[in-house]
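Down below are the structures I want you to see.
Shared between the two complexes below is chain A, which pairs with chain B and chain C, respectively.
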Partner chain A sequence: MRLRLTPSRIAVGVVLLVAVILCAIGPYIFSDFFVRSILTKTMWLGIAASSLIFLAGFAGMVSLGQAAIYSIAGFVMGNLVAADGGVDTALSPWVGVILGLLASTVIGLVFGAVAARSAGIYFLMITLAFSVLNFYFWGASTDLSGFGGINNIATPGLIGSAGRDPTRLFYVAFIVSILVYLFLRYLIRTPFGITLQGIRDEPTRMRALGYNVPLHRVLAFTIAAFIAGIAGILFIWQNANRIDPNSVNLSATIDVLVVAVVGGLFRVEGAWLGAFVYTVLETYSKNWDLINERFNTVIGAVFLVIVLLSPGGLLGIWDSVRGAARRLGRGAAPATEPGPAGGGGPGAT
Partner chain B sequence: MTLQQAQAQIGRYAGRALVGAAGIFAVLWVIALADNAAYKDPKLFLTIGLNAISLAAIYFVVASGFTLIFGLMRIVNMAHGSFFLLGGYFAFHTATSGWGSWGLGILVAALGVAAIGLIQQQVFLRWNQGQDLRQALITIAISIILADQMLAHFGGTTKNLDWPPQLDFRVNFHVFGLIYPFTRIFVILCALAIGTMLFLWLRRTRTGMVIRAGVDDRAMVSALGINIQLVFAMTFMIGSALAAFGGVLGGTLGGLSPGVDNQFLLNSLIVVIIGGMGSLGGAAIGALLYGFVDAFSDIYLPQGYSNYSVLLTFGLLVFVLAVRPFGLFGRAA
Partner chain C sequence: MTHPKVRRSRLWLLLAVLVVALAAIAAGCGGDDSAEPAPAEPAPAEPAPAEPAPAEPAPAEPAPAEPAPAEPAPAEPAPAEPAPAESGAASGEPIKLAILSDCEGAFAAFYEWDIGGAQAAFAKYAGGVPKGENPSDGMDGIVLGGRPVEIVGYGCSNDTADKAIEEMRRLVEQLGAQIVIGPLSGDEGIAVANYAKEHPEIVVLNGTSGAQDTTLKVRAPNFFRFNSDGAQWSAGIGDYAYNVLGWRTAAVVGDDYSFPYTTNAGFIAEFCAAGGQISARVWPPLGETDYSSWVSQIPDDVDGVYVGVGGSGTVPFFEAYASLKGDPDPAKITGNLFISDPTFLGAYGKNLIGSVSSGPTAGDANTPEAIEYNKTIDETYPSIAGSGPSVFTYNYYNAAWALTVAMESIGGDVGEGNANLLTALSETVVPGAYGEIKLDENRQAITDNYVVQIVEDSTGDGVPDVKTVRRIPAVDQSFGGTFTPDTPAPDRDNPTCEPRDLPWIGNAEEVDYSSGATDTAATESTG
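Presenting the complex of A and B:
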């Protein structure tokens, strides 16, 4: 596939490069607070959102289960390593990380096998129900977590104490983010990724061509579950080594969706842009007189405006504006937006 | 191809057999095997049974609005839980305002929430018709805003609606010494009345006929000169009003606080996922199944495991989806 260099592509590339460089030298130019609470959170939230963008933008599966999946990785790790609360086992932190990731991937595979048979709006509802039931499960299971959650989860020596020195965790999260980004960019260009996009657009035709549509959907969900699991591990380390059901409740579920939609559902890099915007708003809006406690109203309104006006999210604003200008110029010809958020998803009638 | 068909057939039968076996085991467990099995403690069994039915009644009232809106317009109203809570709060403030009452509260809640539902549909959803995922995202955004505004206006503490004193008494059934609050029976009667009215409305009136035709083919209905937009608006109002009514009933039984909206969004989702989206009968069956699993699993799971009752609900969901991906009475969109 030859890459055409259009002005907007060059602009995106330059902005991306500047962002990566700024992040790479971040700990040297920003305060510890900014690195810990904004940049590191951007990284794990971005990873979680990128798993959703991969599913929604490239496989046509808008999942509300990603927060549940990352919480499973987190809770499993929390139970297996030394911690206050949960089952009393003290495996090595790295073993905990690996088993946590394994758990989220396996749950993703099993749940995906059930959920991925449906599509579109049904899939959205089933994953949402899964997510909320997951929240109640960890809350009710006092042996495993309970609403008090798991505290002081042991970290590997590589991470150390992120509270005292956020730099090491940040670099780990940053490098993992880049790896996830490159992996997803690679994956959507492989025959498997192209097939997924075919299934997103024309499931019936792909089936007629002999592709195993449910199998591809299940595999996509499993891969996304693995990536969400990575986000769950990083989330715990950034969240002062604790996890409780309320940090992965319905709002957290919706947050991942908001981040992905605000960033842009059709581009993997949108995940981190959305995560950055969300985290900055969440952290600093409390100090603005107009907003104070009403952060959720603001983020809801931002979400609403993005969904209504720019299906491609912040990254797609340029395209939306240009499209609107062109339509105005031609006298309001009907325009068709591609992709699931703009209609035409598998569930659309 | 024939081999694949045979495999699919075997898979389907295996799934059904598994579901059947699980269901039979659950019934056997409750009747005979559990420590507090029904034959040892019939009074407990009857009480829990009535609890299950009254729980199912509320689930049905709320979910029927959800499924009505979906059936006609293919809109998944993720703000349905917010409408539920908002209806409850409206009724609470009407009932406690000095001049109001519980009955007036229902009226205010139904009308107020119907108006808000109408605004949501006309302003945000109408011009996105046919883009169901986008509409779902829009309603999610609205539910975020509504939840935050309700927290700002009504606070985070639990508010308890009181039953009108005329309803608040106990009925002695004279069966195994069963004495049961009439309020919960009243809830069951309300659900029966609403179910019957919805059924008659959809099956026996002209509007209902238009709605059923609209479910099958919207374009054809409007081509016949029927103002389908008017029917859409009306259906959305009635669906929202049902959420509000459920909010009054549920709020009186269980209290109102932030988070109840999510709980009842989940309840509606589970009911319609089990029963099949857009089917009223499916909502009734789904609500009953869910109500029974919910009420019985709390009491009849062995000691030490009752915390895991939510897993049974999830199991029910998975079992139904494994056999019928679009719910018991659902059809592929």
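Presenting the complex of A and C:
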């Protein structure tokens, strides 16, 4: 299946390219603060949100468990490498990274095997319960989470001290983000991805056609857990090399959802757009006297506006504008592209 | 099919939202641009140290540590900006200062008190002029040791360490703060002390966070705490419970994080040192709203309960206690400073008339220092009048006061890498309203502590008053040798309960301020 190059596709490509180039030269044109607190956070938060977008937008599974999953990778790594707090082991940071990712993936598989058999609101609730359980587990297991969190977690030499020089961490996060993005884009076009989208739209019909629906959903959840795990590792390095149970409380869970919805639940790239907008708003709105301590109100308002006006998120607005412009330009002529007209429906990629 | 007109109006709506969103982003980036030079380039004023290892080269500029060594173009001819410390002393370069507190979470109610405390000290000792009715409206005209001070921002955390770090980064790296007063709560303090260690170019004066590890274990050379820690705040109460109230067994309850671990550790250490036994330790999570299941874990056969539940949880805890175990018997309840805090007294104090707690302030003290201090708070910020005896106001006030004293002593010349300021702060003695404050070798306060009793309202405002009954002079962080850098940090199980020798058991001074001339009772009323 060959994509046609339409003006709007070219426009999207150009915007993406500019964003990537801006990020690539980010450390040379932005302040250290911007690179560390905005761009790097955008990368890991975007990865976390992309795992949710993959689940919600392409498998129809709105999960509130992604923050819990990324915390598992983070805590496992924190306990396995040298750190203040947690279990006193000092494996190589890379071994910590691999085992952290492995732990989040395996737990994703096991939990997915249970949760993926439910759907809709029940799936949402079961993943929410998982998040809460995860939060209290780490809060209660202070042998693993430290009293006052796990601090000063050792980082690989490749990252160095991100507190002093954020450049290397940023590039790692940036490259990993691109890889995750390309991987997800690829995945949703494979037969597996197409099947998932079929299951999202018509699970009963897919079952009748002979597909193993639960298996596909479990696999999707496991893949998403792996991706969320990557976010968890990057999160620790960006978060001054520390994690504590409060890092993954309910509000962190909701943050991931807000980012995904703001960016657009139906496009993978929406994850990073949402993460960027969220991080920028969160950071800079506090410098305005009027807003300072009212940041949550602002992000709540943005969230509401987006949900009401554009269920496809900020990227959905782009789709709406494009569709509207086309209609204005061509009068009542029927759209030639299957793209969603009003609010970015599924399949917009 | 939607009507075309409806579609068009929808389109305009969408466009409007897009414009607003873009404006928000643009304004955000603008904020960054304007602030960028500050954090990014303070250092390159010099030929620039070749690479990292910033602490050693000791070039003439103050802050080589963090942003500079990153790498960018150090050869450049010194941007005509910062170079904060050294030359600034002569030229009167403004010092950038920030105040970090909590505006969300369990302690959000104390946001204005914290900022107000710090700024009231600046108003009194450094010429600060409030910009508005509320402390967070800002303050102009502060001069420390001849150097003008600009308050670049207020940190708005939510009692989690992650948010405190985020806010520190914003204040220091984006807004360019060189000196930070804060944070508020225990875990935040540990994280901020670690942050300070990694950023030797800044100076941090603790706000009111009271976890023990912050100064006993982290020991950042540029982190100063002019308030006592949670354990010190408990000095005197274990002795009182054992020897005056006659308890032999007790249960302790506290929020499940480092500060209550520390206050409860002080009670446990002292109560057990005197000969008492701890029957149960119950730790509900911070931010809990229904304490029933936790109250039910308190054994019925204990002689008393020590309550270390703070912030927004204190009232719900006692309500759950009353519904499960009947109205609390004041002789069987003691607690950390939260149960004698003006906010709590206003909300629930009537039910606890006679209970004792302890803390570093004596709300009814009628010494000239205490009267003057409370007057300063009330006159500078009528909006927070009456909050003087609260540790939130008091500790932030003393931190700012200490900074003022230290800056005066060095004439505003903070020296290379803040060396002069760090030395001056270590040697600063603050004649605090409720007792002199000096620092130990870990830059941790040694100061007096008080046992206070909740008594009937005598001022007619309907809020119970606090009567100070004992003073324990010059309590140090080691708590008479109980805590050292090598002992386990206070946690759910530590310290263990064992008899020890504590210097002040049986030696606390009995005090009675009610016999004094001046009526200072108004100072305890809530704002």
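By our rule, the second predicted complex is superposed on the first by the 317 of 349 C-alpha atoms of A that agree within 3 Å, B and C clash if a C-alpha of one lies under 4 Å from a C-alpha of the other, contacts with A are read in each partner's own complex, and residues count from 1 in each chain.
By our rule, contacts are C-beta pairs under 8 Å (C-beta built on N, C-alpha and C of every residue); 3 or more make two chains touch, one makes a residue touch a chain.
Values in this document were obtained by computation on a predicted structure and should not be read as measured data.
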Which partner chains sit in contact with A:Ala260 here, chain B, chain C, both or neither? Use first/second/both/neither.
neither
With both complexes superposed on chain A, which partner does A:Arg36 reach: first (chain B), second (chain C), both or neither?
second
So, does A:Leu314 touch the first partner chain B, the second partner chain C, both, or neither?
second
Looking at A:Gly149 after the superposition, I want to know if it touches chain B, chain C, both of them or none. Which is it: first, second, both, neither?
second
Quick one: is A:Leu281 in contact with chain B, with chain C, with both, or with neither? Answer first, second, both or neither.
second
A:Ala129 contacts which: chain B (first), chain C (second), both, neither?
first
Who does A:Val62 touch here: chain B (first), chain C (second), both, or neither?
first
Using the superposition on chain A described above, determine whether A:Ile230 touches chain B (first), chain C (second), both, or neither.
neither
Examine A:Ala324 and indicate which partner it touches, taking first as chain B and second as chain C; both and neither are also allowed.
second
Return the residues of chain A at which the contacts from chain B and from chain C coincide.
136, 142, 249, 293, 295-296, 342
Using the touch definition from the top, list the residues of chain B that touch chain A in their complex.
74, 76, 124, 128, 130-134, 136-138, 140-142, 144-145, 147-149, 152, 262, 265-266, 269-270, 272-273, 277, 307-311, 313-314, 317-318, 321-322, 325-326, 333
Complex interface listing, chain A residues touching chain C:
28, 30-34, 36-38, 136, 139, 142, 147-149, 151-152, 161, 163-167, 239-240, 242, 244, 246-247, 249, 277, 280-281, 283-289, 292-293, 295-296, 302, 305-306, 309-310, 314, 317, 320-321, 324, 327, 342
Residues of chain A touching chain B in their complex?
62, 114-115, 117-118, 120-122, 124-126, 128-130, 132-133, 136-137, 140-143, 249-251, 254, 257-258, 261, 293-297, 299-301, 303-304, 307-308, 311, 340-345, 347-349
Touching chain A in the complex: which residues of chain C?
2, 7-8, 10-11, 13-15, 17-18, 21, 24-25, 27-29, 31-32, 35-36, 39-40, 52, 54, 65-67, 69-72, 103-104, 108, 111, 136-138, 153-154, 156, 160-162, 165-167, 169-170, 173-175, 186-187, 190-191, 194-195, 198-199, 211, 213, 256-258, 261, 285, 489-492
